[in-house]
Amino acid sequence: MTPPTVPVLASAGADFSADTIGLVFIKAAAILVFLLLSVLFALWFERRIIGRFQQRLGPNVRGPFGLVQSIPDALKLLLKEDITVKGADKVIYRIAPMISVFCAFMIFAIIPFGPAVQIPFTDIITPLQLTDLPVSVLYFLGIAGLGVYGIVLGGWSSGSTYPLLGSVRSTAQVISYELAMSLSLVSVLIVAGSMSTSEIVNSQTQLWWSVALAPAFVIYLISMTGEVNRLPFDLPEAEGELVAGYTTEYSSMKFAWFFLAEYINMLNVSAIATTLFMGGWRAPWPLSAINDGMFNEGWWPLLWFLIKLWGFMFFFVWLRATLLRFRYDQFMNLGWKVLIPVALAWVVGVAVIQGVRQFTDISLQTLLFALAGALVLFAVVLLLIPEKKPAAGASAATAGGSGTPGSRKSATAEAEAFDAFAGGYPVPPLPGQSLPPSPRRAKVTAPADAGPATDKENTDG
Amino acid sequence: MTLVHYLVLSGILFSIGAVTVLVRRNALVAFMGVELMLNAANLMLVTFARMHGDLHGQVIAFFVMVVAAAEVVIGLAIIVSIHRTRGSASLDDANLLKN
Amino acid sequence: MTNPYVPLLVMGLLAFVMGLAGLLSSAVIGPKRYNKIKVDAYECGIQPSPHAASGRFPVKYYIVAMTFIIFDIEVVFLYPWAVAFTELATFGLIAMIAFLLLITVPFVYEWRRGGLDWD
Amino acid sequence: MTSILVDLPWLSLLVAVPLVAAAVIWLVPGVQKVARPLGLAVSLLVLAGAIAMVPGFDAGGGYQFSETYSWIPAIGASWAVGINGLGLVMILLAVALVPIVIAAAWHEVRLPDGARPGETGSGEPDAKALDRRRAGYVALVLALEAMMVAIFAVRDLFSFYVVFEAMLIPVYFMIGVFGGPNRRPAALKFLLYSLAGGLVMLSGVIYLLVQTGGGEQALLLDNLAGALEGNYTAQLWVFLSFLIAFAIKAPMVPVHTWLPDAAAEAPPGTSALLVGVLDKVGTFGMIAICLPLFPEAVANVAPYLVVLAIISIIYGGILAIGQKDVMRLIAFTSVSHFGLIVLGIFIGTQTAMVGSMIYMVAHGVSTAALFLVAGFLTQRGGSAQMSSYSGMQRVVPVLAGVFLISGLATLALPGLSGFVPEYLVLLGSFEASPAAGVFAVIGVVLSALYILLAYQRVFTGPVDPDRSDLPDLGGRERWTMVPLVLAMLVLGFFPAPVLDVLTPAADQFAAILGSAS
Amino acid sequence: MTFVPPSIDWAALAPIVIVLGAAVIGVLIEAFVKDAVRRMVQVILAVVALGAALVTVAWRWTVVQAQGPAELVGGAIVEDAPALLAQGVVLLCAFLGMLVIADRVGGEDGFTPAAAGAPGSAYEAQARRLGLVQTEVYPLVLFSVGGMLVFPAASDLLTLFIALEVLSLPLYLLAGLARRRRLLSQEASLKYFLLGAFSSAFFLMGLALLYGYSGSVRFADLAVAVPAMVGMDVVLLAGVVLVLVGLLFKVGAVPFHSWVPDVYQGSPTSITGFMAACTKIAAFAALVRFLYAVVPGLTWDLSPLLWTIAILTMIVGTVLAIVQTDIKRMLAYSSVAHAGFVLLGVIALTTSGISSVMFYLLVYGVATVGAFGLVTLVRERDAEGNVTGEATRVEQWAGLGRRHPVLAACFTLFLLSFAGIPLTAGFVGKFTVFAAAVEGGAWPLVVVAVLASGAAAFFYVRMIVLMFFTDPDQDAGSTVVRTEGTTAIAVAVCAVATVVLGVVPTPILSLASEATKFML
């Protein structure tokens, strides 16, 4: 190993050296307030827009356009009885919502709302960002990963079946989509050369990465939806299947925290998308050219940022209004067999192109042509390889694959094994299926077959 | 808080992990003890890297994380398979080889 | 504020206080009316099953978890490399591509052998 | 003539021929039918070869027929052989006994006890299994022969150790496979005692190697002689390590306990070879290895060894008297006699040394004869308990005669082989220490007691009606006994040639001890 | 920021690359080759790869002889004669072990048809009926061998750690794949894993401390730092001791041996043979390099520790082996005892110590592979006369010498070699190791070792007694199954090697002492 040298923490990003501890407290509190208000607004926003999609009005009674409808909804939760279920693991049951909400709040600490501004009525100049790390992107992934513990532990500690299923699903889902998400971010890091959010924003003065790295952006969009359990990927709390998923046994403020965390998480991933792909607080192109980038200075960028942020929020609502819930196997297939390979290939592609551009003299045009050719070739090859279909009963009888850790095992081995639920819940066999020996097993392994539930009303109080 | 405190913390964590492995009878918990030990070592590496002012220790920590992950995968595979067989991950139940 | 982690602490403190305050307030304000049925696990109105929390899951979940760990390793290495892309130059590029190829091998294996099929 | 003969690698050939023959007999299936004649032929050939060396041997010429080949230079090991008078005599004794043993066991090797007809485990017919078993026995005897020649000939400490240990394996199998009902513990006991002794010796060898600094041929005995001069502590420790091994081998009290068991359980031929020749390795080693290598240490330890030897003499004799089993009795007489030999070695006079050396030969002959005869008897009577027999001299007169002669030779009747050496040893002992001599004489008296008592119990008195129809020695058996009886007579009446050969060697060794003390 | 890419000498890395490359290809074969021919392809690939790597090592040996040792991959790995020798020995034993592993004795290989199925489940039964094969075994073995090749050549602690894991992780899995007695096997796997991970955590902590002490994990830098610095002796000593704990665990020295008997007994026997031989070789080679390269200045501080461990290892291994009634457990404890003997050569800290250790390891490895190979052949019969798992109870081997003289003779040969009886390789090995230890001033250890080997002879000899002098117990119902031939080849090679190395060890001994001349 060649000894690495001491890194120079080069700061092309925001400068926080002038921040005092008091200012930090103010900024943090401001973020907190911003998030709480945003959630309240998001609730109204979502209901209104879904109303529009469904040819109805949505909440329109309390306040102008029904704007304050969310406040009584939130207060109602506060006033409800705080139930702790008998079978619950008391400590973890209470900690879980805290984890969720804590992690949700933490991510906005690294989101740049804007460049350095002068705070009104003072002469303090400070960036519109709480803090920035050299590893901000990693921090985001880390906190996002940690947030899942809230869901997992919450579901597990309830000591009840539906929450447990929800939490397990949620685990599998989050880890599946987190991979695609982190892979899609790699290409941004390659071109930006930094993991600091403010530096990444600064690297997008010429071109937004959502344009240059469109495939990565698309992958990010899909996986962020999966990451925050929104339709069409809301399997952990799928009402039609799991009642309310991991929140089934929660009530009052504990439920409220989960609920809050979910909406803040939507804001989080939207903010990250804005920062990493949409130029952050930078003004969109025609505006950015106006008057020497006048709109990129002062308090203007906050506006651009919010617009972009709420653009993504709208995207979430639009998806919810439009799409049906995936079946679990479709969902996992999409994650593992489409998103991850594509993301991987994309990373390699970006790296190679970037490498050729930086380290050789080959012109970009030649390179792109070569790449296009390679892609076509790859596509052809991909079409030629048939996907191995482990047809349920057939393969066992014919080839005798060597110990595939797969399909029939759950049906056979598991069924033979210890069955805690003898005489469990009857589930009718589907067409072409015979009743497996253990009814409970069948229920766990094929949960999504109940058909897509189309209930539009979400977890509204 | 000097860097030495980190070293002490790392030592404490390492000891806790070691004691966990030796005392707890649940394979999963024992295994978590091992992971705690690895992470204690990581903390120590990073602290020393800071002390020496180079990045060796941090790079090593990366490798350790990878190894730990591989260990987790293998360990989980083994523990899960035993759990599925016996419905228990207790080390006391795994004593067929004692005699 | 030269240490960028102090603001995180502040933020964390505020978030924690808020979370705790919320839970406490509901515990104080909310009514408390005991009802045996209410504190039972919810199972659509039927008698709750006894061993919910120790339920056993299809091995699929474990396989997904394990696969995830493998790929997480990959990400661990990809991120620093991506940031230091320019400095590592060709050697880094080739090394990383080789690494990705190697990571792909078990992925292909798992895919082909049905480890990613969820049914 | 002599030049050609001397130029041949005689000793290596004497080792190689039986070894190859053993391998052929054991491994080649077709040969197994004719294993016994073939084995006899090979052993006679070896005997002839050994005798052919005699004319070329110069009694006063120190070590002869020497060969040295590099073996493992890294640890200073070589294959080096060479004999002086003592070695020659011992080799002759060994190779002479082997054909006799093979012949004596011609029909004695049977299928294992409890193996019912047709159930030999391998499913092959009994005849074939028997053939294989007999071939196995012959192969083991031949392998042992090779080892015996080698052990008396090697002049390299490493090779000596290797042969010393390797010898155990054929004996072990001979006892374990072909022995009596309690053969397993007996074989195990034999092996573990010997191995333990060998390992102690090994540490001595290693220490010696390191002390001398290693290098090629570092472990040649010639190069080692005097290597530890002046380093008394080292000498003492290494000598003690060797002594333990040799004392186990030449069963001295208190490490003799394996011998009665092994001798009683082993087939008679094996016992004959074991006690007659193999155990002489112990006394041989004391003379040929310990004396030149650690003279000062030997000189200082010798008085204690003399005491131990006397204890052996008396203790062995007393226990022999008490024995009920004839094989064990012979074994205990040997313990006593080995005591005499050791006494002769360490008492420090030239006379006693010559006595000890010739005693080794004489005892080999007479004990072998005793074991074989006793073996014939127990084979016939189906019991080794002396109380099972009575008045046998009327039933099997020839057998009784041979037993008597061998017994008398053992108790040193003048005119038989035992007399000259015993006389010399006692004489030498009186020269050096009258007290030791007196105690040794007590041993001689005891020997008269146990031999005659045994003869009286078994062969005299009223004939036991149950065993009145036992057959006397047959033709083959008689012929096997003839050479032994002859040898006893020759050694008794005309020991001069043997004495001539041994005296120079004895002079040399006694001189070492004398100068050291 | 200056980054200098390390130059990579692919030719020098060839043995490692071949083995690991074959392992990767093996995984792809698992993915793409049809079930019907998969096993065949895997076996051929594995055998060819190991053979090719062996040849390559021989070639590199000549290169090193001509050009001297070199550092590879920026100094992470060295190519010197001891490393190549150790790699050669590992590859040889792995090759022989692979022959045993690949053999379908009695018509089926020693591995479970479906590792993912629970033991005794219907799924497993079905897999067995269908004749499924868990061919992942072969790439796993190759990966492990790859780790073993890096292990002795690693010249910094990090590489050593990675190699440690690469060699261990596949073994953890392999230990749990036995076809019969799967509960035992899984349990072995779990124990091996937990204790292995535990010990590697210790190793890692030692690494961290040594890094803290010297600012580097490279052996060369450590060697400079060890005598230079004062004041942090505790850190240094603790670091070295913890690293040693990790290494001593792998060699199975007392008190880090508790996994040995369980794992040896529970693992599939062919894997036990492979693991017992190759792991020990690689681990000792690494231990020797670490001790010689890094801590010569510390020997005085360490020797009480090492002496204690060596003595304990020899005594505990021997004493506990005596009371075993299971043949695999007996061999396991005997391997513990052997680890103690090898430690003598390690402690000697002389060049002859290195060569004697190498020789001993070769001897031990060959005999071990052979012995366990034979164990795979002796099977139980159940009441209906069906051949089942291995007959590992000692009494089931009674009378084997009568029914299967050649098998019993080979086993006897290996036992004699273990016991160190002259004219077998084991004797020369013991002799050289003891001599090196005496030379290094460790004569009290040699005395203990001699006593221990005397006691150890007891249980080896008892086994021989059982095979040859005891009548077969009709009820024990053991039988010998047919091999496809590869086990027979492996055992034959091992037997011949045991005899040849015992009678004419000079070429190999000189090779081993030659190795110490080209040490980096």
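Order as written gives the chain letters A, B, C, D and E; numbering starts at 1 within each chain.
By definition in this document, a residue touches a chain if its C-beta (ideal position, glycine included) is under 8 Å from a C-beta of that chain, and two chains touch if they have at least 3 such contacts.
Here is each chain with its UniProt name: A = NADH-quinone oxidoreductase subunit H; B = NADH-quinone oxidoreductase subunit K; C = NADH-quinone oxidoreductase subunit A; D = NADH-quinone oxidoreductase subunit M; E = NADH-quinone oxidoreductase subunit N.
Everything numeric here is computed off the predicted structure, so don't read it as measured data.
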(Q) Suppose every chain is reduced to the average of its Cα atoms; which one is closest to the average of all protein Cα atoms? (A) E
**Q.** Leader among chain pairs (count of C-beta contacts)
**A.** A-C
Q.
Using mean CA coordinates as chain centres, what's the gap between chain A and chain B in Å?
A. 30
Q. Which whole number of Å gives the spacing of the CA centres of chain C and chain D?
A. 80
Q: Please compute the C-alpha centroid of chain B, do the same for chain E, then give the distance between them in whole Å.
A: 25
Q | Rounded Å distance, chain A centre to chain E centre (Cα mean) | A | 48
Q) Which chain C residues touch at least two other chains? A) 56, 59, 65, 72, 89-90, 111-113
Q. Which parts of chain A, given as residue numbers and ranges, touch two or more other chains?
A. 1, 3-5, 7, 401, 405, 409, 417
Q.
Please output the residue numbers of chain E that touch at least 2 other chains, ranges allowed.
A. 1, 3, 5, 115-116, 118, 158, 216
Q | Contact set on chain C toward chain B in their complex | A | 56, 59, 62, 65-66, 69-70, 72-73, 76-77, 80
Q) For chain C, which residues are in contact with chain E within the complex? A) 59, 84, 87-92, 102, 105-106, 108-109, 111-113
Q.
Help me check something: in the complex, which residues belonging to chain E touch chain D?
A. 355, 399, 402-403, 416, 419, 421-423, 427-428, 431-432, 434-435, 438-439, 443, 446-447, 450-451, 453-454, 457-458, 461-462, 465, 468-472, 504-506, 509-510, 513
Q: Spell out the residues on chain A that touch chain C in their complex, using ranges where they run on.
A: 16-21, 23-25, 27-29, 31-32, 77-87, 89, 94, 97-98, 101-102, 105-106, 109, 130-134, 137-138, 141, 156, 158-162, 164, 168, 171-172, 175-176, 178-179, 182-183, 186-187, 189-190, 193-195, 243, 248-249, 252-254, 256-257, 328-329, 332-333, 336-337, 340-341, 344, 347-348, 351-352, 354-355, 358-359, 388, 390, 392, 401, 404-407, 409-410, 414, 417, 420-421, 424, 444-446
Q: Using the touch rule from the top, collect the residues of chain E that touch chain C in their complex.
A: 1, 3, 5, 24, 27-28, 30-32, 116
